[in-house]
Amino acid sequence: MESHELARPTTAQLATASVDLDRHRRCGFPEVIFGQGKTIEQLREVVGALVANGEDVLATRIDTEQAAGLATTFRRGRYNATARTFRVSQPNPNRPSTTAWVAVISAGTSDLSVAEEARETLDWMGVRVTMIHDVGVAGPHRLPARLAEFADADAVVVVAGMEGALPSIVGGYVACPVIGVPTSVGYGANFGGVAALLSMLNSCAANVAVVNIDAGFKAAYLAGLIATRKHQPS
Amino acid sequence: MESHELARPTTAQLATASVDLDRHRRCGFPEVIFGQGKTIEQLREVVGALVANGEDVLATRIDTEQAAGLATTFRRGRYNATARTFRVSQPNPNRPSTTAWVAVISAGTSDLSVAEEARETLDWMGVRVTMIHDVGVAGPHRLPARLAEFADADAVVVVAGMEGALPSIVGGYVACPVIGVPTSVGYGANFGGVAALLSMLNSCAANVAVVNIDAGFKAAYLAGLIATRKHQPS
Amino acid sequence: MESHELARPTTAQLATASVDLDRHRRCGFPEVIFGQGKTIEQLREVVGALVANGEDVLATRIDTEQAAGLATTFRRGRYNATARTFRVSQPNPNRPSTTAWVAVISAGTSDLSVAEEARETLDWMGVRVTMIHDVGVAGPHRLPARLAEFADADAVVVVAGMEGALPSIVGGYVACPVIGVPTSVGYGANFGGVAALLSMLNSCAANVAVVNIDAGFKAAYLAGLIATRKHQPS
Amino acid sequence: MESHELARPTTAQLATASVDLDRHRRCGFPEVIFGQGKTIEQLREVVGALVANGEDVLATRIDTEQAAGLATTFRRGRYNATARTFRVSQPNPNRPSTTAWVAVISAGTSDLSVAEEARETLDWMGVRVTMIHDVGVAGPHRLPARLAEFADADAVVVVAGMEGALPSIVGGYVACPVIGVPTSVGYGANFGGVAALLSMLNSCAANVAVVNIDAGFKAAYLAGLIATRKHQPS
Amino acid sequence: MESHELARPTTAQLATASVDLDRHRRCGFPEVIFGQGKTIEQLREVVGALVANGEDVLATRIDTEQAAGLATTFRRGRYNATARTFRVSQPNPNRPSTTAWVAVISAGTSDLSVAEEARETLDWMGVRVTMIHDVGVAGPHRLPARLAEFADADAVVVVAGMEGALPSIVGGYVACPVIGVPTSVGYGANFGGVAALLSMLNSCAANVAVVNIDAGFKAAYLAGLIATRKHQPS
Amino acid sequence: MESHELARPTTAQLATASVDLDRHRRCGFPEVIFGQGKTIEQLREVVGALVANGEDVLATRIDTEQAAGLATTFRRGRYNATARTFRVSQPNPNRPSTTAWVAVISAGTSDLSVAEEARETLDWMGVRVTMIHDVGVAGPHRLPARLAEFADADAVVVVAGMEGALPSIVGGYVACPVIGVPTSVGYGANFGGVAALLSMLNSCAANVAVVNIDAGFKAAYLAGLIATRKHQPS
Amino acid sequence: MESHELARPTTAQLATASVDLDRHRRCGFPEVIFGQGKTIEQLREVVGALVANGEDVLATRIDTEQAAGLATTFRRGRYNATARTFRVSQPNPNRPSTTAWVAVISAGTSDLSVAEEARETLDWMGVRVTMIHDVGVAGPHRLPARLAEFADADAVVVVAGMEGALPSIVGGYVACPVIGVPTSVGYGANFGGVAALLSMLNSCAANVAVVNIDAGFKAAYLAGLIATRKHQPS
Amino acid sequence: MESHELARPTTAQLATASVDLDRHRRCGFPEVIFGQGKTIEQLREVVGALVANGEDVLATRIDTEQAAGLATTFRRGRYNATARTFRVSQPNPNRPSTTAWVAVISAGTSDLSVAEEARETLDWMGVRVTMIHDVGVAGPHRLPARLAEFADADAVVVVAGMEGALPSIVGGYVACPVIGVPTSVGYGANFGGVAALLSMLNSCAANVAVVNIDAGFKAAYLAGLIATRKHQPS
């Protein structure tokens, strides 16, 4: 099967980065840029290489200063300050319209930033998103009251800090895969999200997988992958 | 108020222990024996001193070997192998009958040992107990289905391992104080109960306090204290 | 028993939050707002919804900037900068006057902020508070000298950083439940309050339960619950 | 949509357990039994309740003693000592035959036990499995040499101990979701699987989610869910 | 000052050990043998070399099997099974009789083994010892009741597990140096003595230093050093 | 012995602090003020109470802002910015001149701040100090070259960050007690001083005790106590 | 350069393992077998494949039961119970005789097992070894006294438990690379070797690298690689 | 052999530092200055002492403020802001030109700072460096594509954050020693580099040693030592 050979993908070799220009063909989506720790100059180079290649660009963990620097170069770019994402969309996206559907459920108002990063990611993937906010476990009536809004989604992303119990509860209500994102929201023995992370890893619900603390992008990417592949012709 | 002076309580000075014989009068309940790490001879001495003082005796963390050693000396003693408790009850208990009521709710079958330690403790305190087993969060319909059995208790003890989410949920359903007991049930990133402990400490329910991992006795003692004092004349 | 059915409580569905307007009836006290990580706009919405519902409002973890933002909208609001609480009291509180009594004992001067958060919470609950400051264990004569001031309280909140030993000592002197609050006061191997937290969790006093590091609100809420329920008609 | 109401599922209320008999209808697969910490008597009750309900039974974390106890009651049961699973299959399984396909890739010979638990789980779900052993990263030629065997699977489970790097590499070669299972294989600063767990949580591959240490069942359940739902009519 | 030159001390070079035969002259006491992990043959060699040099021998962490092996060779040896120490005393000890005095105070009965190791060490150093058992902080009247027995000691060793609060209290009562020994007695969030260790390191009493968990020997050696040097002519 | 009774010491009851005015008589030295987390007003009150009682005042962990605030009130006060100490000395100190002698040895230039806090403390106690800087273990010739300067001290304080090995080496060269102070100097897997702390707790030198990370005051207080008591008439 | 192409090395595909038969040519030494967690049958297969390929075999972490199982099949095999290694040497080794020289220095008698694993590994590599035992830092005269025995080695392996300070000291005396091996020897706050590991990672000596806890093989392999390559024609 | 005697090296005794002026002769390279936590005055003294001794100076962890302070004194000095190094080179370096060769490979753009510190160190040692950037494991084709650029180096430094898997992969491709440097690049469960550190310590590649998090200097020093000594006449 020829697609499995070690074909050398086309790579843009920049000063301090190599950009994988073949990823869209190979994996279904282009490379995503992780902005944290990169200079504005480095970001410009990588965004530019992807734009030149005709890709829809998604950059995450972009602070306001980086965003301002990028905006002067990429006028069509759109910055979401809550999600800390910067996107440059192509006029005629080569994404097929899909019926893929993911729900993003968050426990508290303070988890909004991570939930928004997930929403932007899913939107970039062309996936329909349902957002459900502030249904944490301390008010146990809130989640079942809204079950009809997410029960038939293809996958669910659950964002929760503090004790991180929400993915287990959601996992008990739905049949689809659930991706839990622990957030660093909390204080004291929360240890920057460790409490929620351990809680989710030990979930007694069988359909819950976990990603890194505050990793809204990764959870959404996985959920989006599950959803879009479900609707591809087998 | 003379009861606050530093009255020296009657103490039985044994070879390697001092037994507080005045505690019942001062605190409402006699001293409880923590069996772990004690020799049979040391246990016999302490149990004997309390029995001689006319107290109902409760010893916790008693393994089968210690229990056998105690049983030869204290014929009226009763050992609960699941709870790992050894009790010697006096013929005419000086406990007043109370209407105090505590519910003990456990998440999984494997939490039974800790829940039983709680039950024995409450029984020793003269408190009525309702036991509710195996209502962990992965089956989210199980707890609300049994709400009527515990909603009006004076206090609730919630025993849970793995992600330890159950106290938060219970805390959302009831108005009374909830004492969470994390258990060491689980594996991997459970770290011997740390995951459940952190989860409970970070509970977003305002009425949840926590005790040490596997501390069924302490949770029950606190819940029993809250319940019995509630029914005392103010 | 009809109060146990899954009655859907009245919920105010705001942009990024759901406010539980039924909580006062269900749990005895209205919802409390955790301010950390919320924008001023989000806070205004939630405080406004509760005020409109006729509730006495308590918001915790409010920094000076948030407080200034709230003060422009809620003129009757009162900010306690040490406690970091913002409260809006109704002209005619629907709280019955009670005889409930809680003592708040703190180990050192640096624990004052957490002790004040506890005091504000108890005051909001209508509970009488006795404050006892700076009686840490290094000066062992200080606590017994003041025993008469707290020995007959319905519950005691003990606030301590560093080695966190005070709850155990207090627990040895009183018969009532003790809620320990570890604080992040200290340095080095204190690890932001972990030393005090572990100390309290391992307390050899049977009547000590624990809440999260710096969780003055939660400790006070639990102690206040124990105290007010003790004085309710059974 | 009526399927979202809070229908009370049929539950078998046993002495110390509640068995969810409705789960197959609700979630697509019946409840799975976690054997660790359960007595043989408790296991017999739960297995019996599921068998009586006509379900294919999967019990995990069954040691040889528990297996022997179950085998005397359930003659048709099959024990896999490497996987530590006990299964009772029904004569006429109600599982539709599917074309769902999952690859299970393990890094070293010592990870075999966890990989086998995954294989048994997928087989119980009716999913086709490809097993690829001992392709850890220290021999970097081994994995690409076998790419054709797994590149088109619906999902991949990657089992790895020690530095836990394999999921990242696999994630770079495939387009489908990858579920990483850290194992406790290793010594010293491995800390019982923590090194591999952290490695996988920090994976720079966007398509890698993680489950608990040694959680072969959960990884397989998630991968199997992704694969079977992909082949269901949308 | 010639005593400071790098004089090569006389060393017995054994198969797998070098024994420092000059230590008594240099440091005031001969080398002490740490038994854990050594074979009986290795122990015999080292004990033999010290005995041949005319030293009083102290070996710590000697289990019963090692003790039996040593006893067959060194008939005058004495094994203390609680302390896990093996000692061989010379007929005419070259220790001057001193008036040095150390108190060893322990919190609970389970701390006895560590306290006994301390007692044996001090006896080997020729220091007078006062043992005070079971005066943990949960019974706050017990310690002050016995103050007269230890208040004038040259140094105090305090042995405590669980919350490890006792050294702080003792430190508040006495003017002399206090050496805290955390023990591994406890369970759950005790983490094998870590809770007590952190508690002691964070002691707010200025006169408390700490040694390793269960390090009864080292605490006693330090206290004995402080005491004997205090009574030496300056 | 009348000095052991529970005499209530004279205490100055301030707004948020109780100052122990009897401590000098009881323990040999007056109370020391821990400045971290205290407001300037609180500091002024406590310093004032001690000055009024005729004590030499030592306040530690005083930042430059606190120091400026104190300096306006206490003109005779002296601030050491490296040590972060503020002292107010009485014209005619009631400290007897002693021959007590302590060496303070530090591993690297970056440990200077902690070493200076120790020096100020010893000076306040009236103890002679020898300072030896920058003799860390990576240059193994440096320490023995200076042995004559500290070998006959009454006690040694050793200040070291990074791997914290210096106390063990010093402990091997001297016969007196050694107090190790781990510092937070380092980076990466130093974890804010934990590496050095663990190193010192595990020291194979029998004469090494440990205090908290960066606790220059406490180490000096203990060493000063050992030294001054050694030179008191027994 | 053709040696860099992705040539597929000859691999023996066994039931549960792939053995890299090309490694000797590629890396200079054949594959080494990590025995822990492998069954005797699995070990026999892998050892057999290597022997059949004409390699000198080294298997590490072999317990006595595994060794007995291997010995029945491989009669020429030699088991070192202290090192836990099993070796099968070929009659005519294809190793060139070299002048490579490595010193293995250990801190205490209890570190012998790890030091022996290092010695066996170096011997298998054809490297000359100098063993120096029991020169830990508490006896600071011992190491410099033996400097001439190791100062000119090509590399040094230093094995130490407890505070793990020895590599820093050795690093200060020699100019060559030093590989530190922390061991799990110790107790309490040693945490199974973590104290020594952190100590070595934070070493202030610039020429010290570190391997995993108890990883005698890996340290020796690295040191042997450095030494043999130093003596190869450039 | 006279070079092994304890010759006292020439030391410059400054106010708060001792500078080892003999190190170049003894170890092959002069002392390197660790700038973190040093004042500009302290840095000037040490740099000055080395320059006066005719050494090429390398100072690491120099922030921009320190660099500015040094630049006014040492006009020939060169500051690399990315590497945070300050160097003063002598006009006629006494370094022999060597053929030593080290490759520095980094996983991501954000690891550049640490990689640059390594490059500056190797340049200071007179070693030829090959830099390879951004070849992290998520793009598995990138590393083998560049194998020819580093396969024959004398040693390889691998710099990686996040999951830290790259050293294992590199170790599988090359025969020479590999020094892994974990970086603090990442977020969440990365814990400031701990995830990468543990990953590298548990590497299943036998030729990988590890240094502290972000320790680019130390890794380069070790690799440079291995490389230069390889090319020295034996």
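Note that the chains are named A, B, C, D, E, F, G and H in the order they appear, and that numbering of residues resets to 1 at the start of each chain.
As a working rule, contacts are C-beta pairs under 8 Å (C-beta built on N, C-alpha and C of every residue); 3 or more make two chains touch, one makes a residue touch a chain.
Since the model is a prediction, treat every value here as computed from it, not as a measurement.
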Notebook entry, point to check: Going by the stated contact rule, which chains contact chain A and chain G alike?
Noted result: D, H
Next item on the list: Give the chains in contact with both chain A and chain D, ordered by label.
Entry: B, H
Margin query: Among the chains here, which has the CA centroid at the largest distance from chain C's centroid?
Written below: G
Notebook entry, point to check: Equivalent interface to A-D, which of E-F, A-B or B-E, with over half of contact pairs matching by residue number?
Noted result: E-F
Check: So how far apart, in whole Å, are chain A and chain F when each is placed at the average of its C-alpha atoms?
Finding: 52
Next item on the list: Mind checking the centre-to-centre distance between chain C and chain E? Centres are C-alpha means, answer in whole Å.
Entry: 45
Check: Rounded to the nearest whole Å, what is the centre-to-centre distance of chain A and chain E, using the mean of the C-alpha atoms as each centre?
Finding: 58
Notebook entry, point to check: chain C: which residues touch two or more other chains?
Noted result: 6, 108, 139, 141, 144, 188-190, 194, 197, 201-202, 206, 212
Check: Which of the chains are touching one another, listed as pairs?
Finding: A-B, A-C, A-D, A-H, B-C, B-D, B-E, C-E, C-F, D-G, D-H, E-F, E-G, F-G, F-H, G-H
Next item on the list: Provide the residue numbers of chain B that touch chain D in the complex, in ascending order.
Entry: 108-110, 112, 133-135, 139, 141-142, 144-145, 185, 187-190
Notebook entry, point to check: Across the complex, what residues on chain A touch chain D?
Noted result: 1, 3-4, 6, 26-28, 32, 99, 144, 147-148, 151-152, 154, 175-177, 179, 197, 201-202, 206-212, 217-219, 221-222, 225-226, 229-231, 234
Check: In their shared complex, at which residues does chain A touch chain B?
Finding: 107-108, 136-141, 144, 162-165, 168-169, 171-173, 186, 188-191, 194-196, 198-206
Next item on the list: Please give the residue numbers of chain C that touch chain A in the complex, ascending.
Entry: 6, 8-9, 11, 16-18, 20, 34, 36-38, 42, 61, 182, 184, 192-194, 197, 212-215
